[in-house]
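Following: one structure in structure tokens, then a few remarks.
Going by the order they are written in, the chains are A, B, C and D; count residues from 1 in each one.
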Amino acid sequence: MNYLLFSGSLRTASLNKKLIHVGSSILKEKNFNAEVIDLKTLSIPVYDGDIEAEGIPEGVKKLSELVNKADGIIISGPEYNGSISGSLKNTIDWVSRIRPIPWEKKTILLMGASPGYFGAIRALGVSKAPFETLGAYVFPQTFALPKASEAFTESGDLSDVGTKKKLTDLIMSFDSFSRKFKKD
Amino acid sequence: MNYLLFSGSLRTASLNKKLIHVGSSILKEKNFNAEVIDLKTLSIPVYDGDIEAEGIPEGVKKLSELVNKADGIIISGPEYNGSISGSLKNTIDWVSRIRPIPWEKKTILLMGASPGYFGAIRALGVSKAPFETLGAYVFPQTFALPKASEAFTESGDLSDVGTKKKLTDLIMSFDSFSRKFKKD
Amino acid sequence: MNYLLFSGSLRTASLNKKLIHVGSSILKEKNFNAEVIDLKTLSIPVYDGDIEAEGIPEGVKKLSELVNKADGIIISGPEYNGSISGSLKNTIDWVSRIRPIPWEKKTILLMGASPGYFGAIRALGVSKAPFETLGAYVFPQTFALPKASEAFTESGDLSDVGTKKKLTDLIMSFDSFSRKFKKD
Amino acid sequence: MNYLLFSGSLRTASLNKKLIHVGSSILKEKNFNAEVIDLKTLSIPVYDGDIEAEGIPEGVKKLSELVNKADGIIISGPEYNGSISGSLKNTIDWVSRIRPIPWEKKTILLMGASPGYFGAIRALGVSKAPFETLGAYVFPQTFALPKASEAFTESGDLSDVGTKKKLTDLIMSFDSFSRKFKKD
């Protein structure tokens, strides 16, 4: 199984990037292939139909190829103003312009880290709909990490053992889910 | 009353830009001030905390000033993949970084045009939450224009008289609503 | 100003009923009229068009009259399964069958208490849409009370002073909001 | 494969009941077992924790057993006031009180019929979240039937051949999806 992971937040020190790296480590420990892509390196612009008419940006093409190759995708998105971040939504929108639509029939696990008490839970709800509209299979359970600025050790692991175990179990359940769709 | 209007879609030939221009004409006929801003001219990048740390982009500052001056804001957003467009959400997110938050206590009318049958109705629902989280007063009624590629005359007006009247009435109701909050 | 308050939960020992009583006390201390109605006493059945054809149930009529008389309505709803409770949605639906629709142009403050960490925050989001569809003015800010089983004193007040102040301030802001619509 | 089907609307002449019967016919033509349960015969009350404390109502127990036996569930729900109907949400909530939770790991196809232009599309979006919170696998595609009062023949079939084919294809895709989870 090949997994693709990315953070919806671009900031270098992003809590969601940290969470993605924990997810990647868990997958590698279990001997799965895990590729992390940093959206910042892709320089995807704000969607504009006039840009699209001149040609799909290279960063969108690159991400689409990675999505096409993946057997499952793990995304950690920040919550901005009680909803999905513009950056993640913009990424979903651009990739949806490629044919065949890369998201279609892909399994997706949604995570979200936030410094507040609610752990991006409202963003997680809003993030499901566009993927499902595009025919992806979003795993029904999600992972919300509240108070994320205090959640990581210096070496980048989750400091709370119970939280780490919960995430590991969730990723294993997501793997079982993803295997069912591998040949679709 | 000073109204600010903009389309969440950047594309030059955008149906939502057409709808914004109809809205602006209606306001001017009723002797209101109506300023239309084209987000494309503002070149707002995808939100990235590292960019913010170097300084809020000029386009965000300019939009924030226009929002601050307005007594009410009319936005027409496209529906991408059954939800808010990344472009509109990104704009909301960037402006929310200015202090005091420009959206706070502003009245907002949400519209949406789409070429399909459902007229951006799902995007309209999703678009309310972030504005309300930020303390804006979103007018409860919205305006969804389905089959929008056939809805405009060559001169840019709405071809259906009933639809035009419905929009005019809605904008007048929104004006009554906005007046209540003018001195907040 | 006459305020109507009710809990979306029917259970006698409901945390949302407790929160409603705190809200009512705050209003009375500020010399507002505050009427609390216990939905349980209204025996509203699950909505069924066949029942409606035989006549609107008395409990629905009674609630509708109370809504009609109110200058503002405060509702505290539980969160069931990450969404609005069936009981509250059923109540909204039944009252929406009366003409003119009692919810129309009414101001509404939504609160939610839950024993968990997220304080009914997902239910609050879902609860706004039906009221707004019906033309009500839902106050953009809401009040979510997490860990509500530990939040009340024996005499039924909120034990945390800061939380009590936050609720008091919110209700006062809601009162300013409601006054704007009093003569609509 | 055993399928359970029900309408979220109780009314005898409900458009959603008609749609459920079309779904049931399609399944039977394809030699699947299809059981239709009429929620009206179950007399499920509005959820009240005090009723639950005295014992789960018989109708809830009966529905839970049917859910337990099913390999997939097809639900057609009306849209009331731009959201899920209180009747369907109440049914979800009651069944969620049984242990183990009957909805968990069940595959669910959501449909919605409405007399209006938007075909219950907003209700469909809201209906997914509670099922997913409870661990069900909701099929990402849904079936929205607008203008449903004109959509059925006198014998109860869908009058439009294209619409019938679309529904048949969707149910077959849902069957492939459900088979993947049969042994979970």
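Here, a contact is a pair of C-beta atoms (placed from the backbone, for glycine too) under 8 Å apart; a residue touches a chain by one contact, two chains touch by 3 or more.
Worth saying up front: this structure is predicted, and the values here are computed from it rather than measured.
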item	value
Far-end chain from subunit D, centres as C-alpha averages	B
Chain pair with the higher count of C-beta pairs in contact (C-D, B-C)	C-D
Distance between the centres, which are taken as Cα means, of subunit C and subunit B, whole angstrom	30
Inter-centroid spacing, subunit D versus subunit B (mean Cα positions, whole Å)	37
For subunit C paired with subunit D, centre-to-centre distance based on mean C-alpha positions, whole Å	29
Touching two or more other chains - residues of subunit D	82, 122, 125, 129, 132-133
Complex interface listing, subunit D residues touching subunit C	9-14, 40, 44-50, 80-94, 96, 122, 126, 129-130, 132-134
Subunit B-facing residues of subunit C, complex	125, 128-129, 131-133, 135-138, 140-141, 180-181
Interfacial residue positions of subunit D with respect to subunit B in the complex	82, 117-118, 121-122, 125, 146
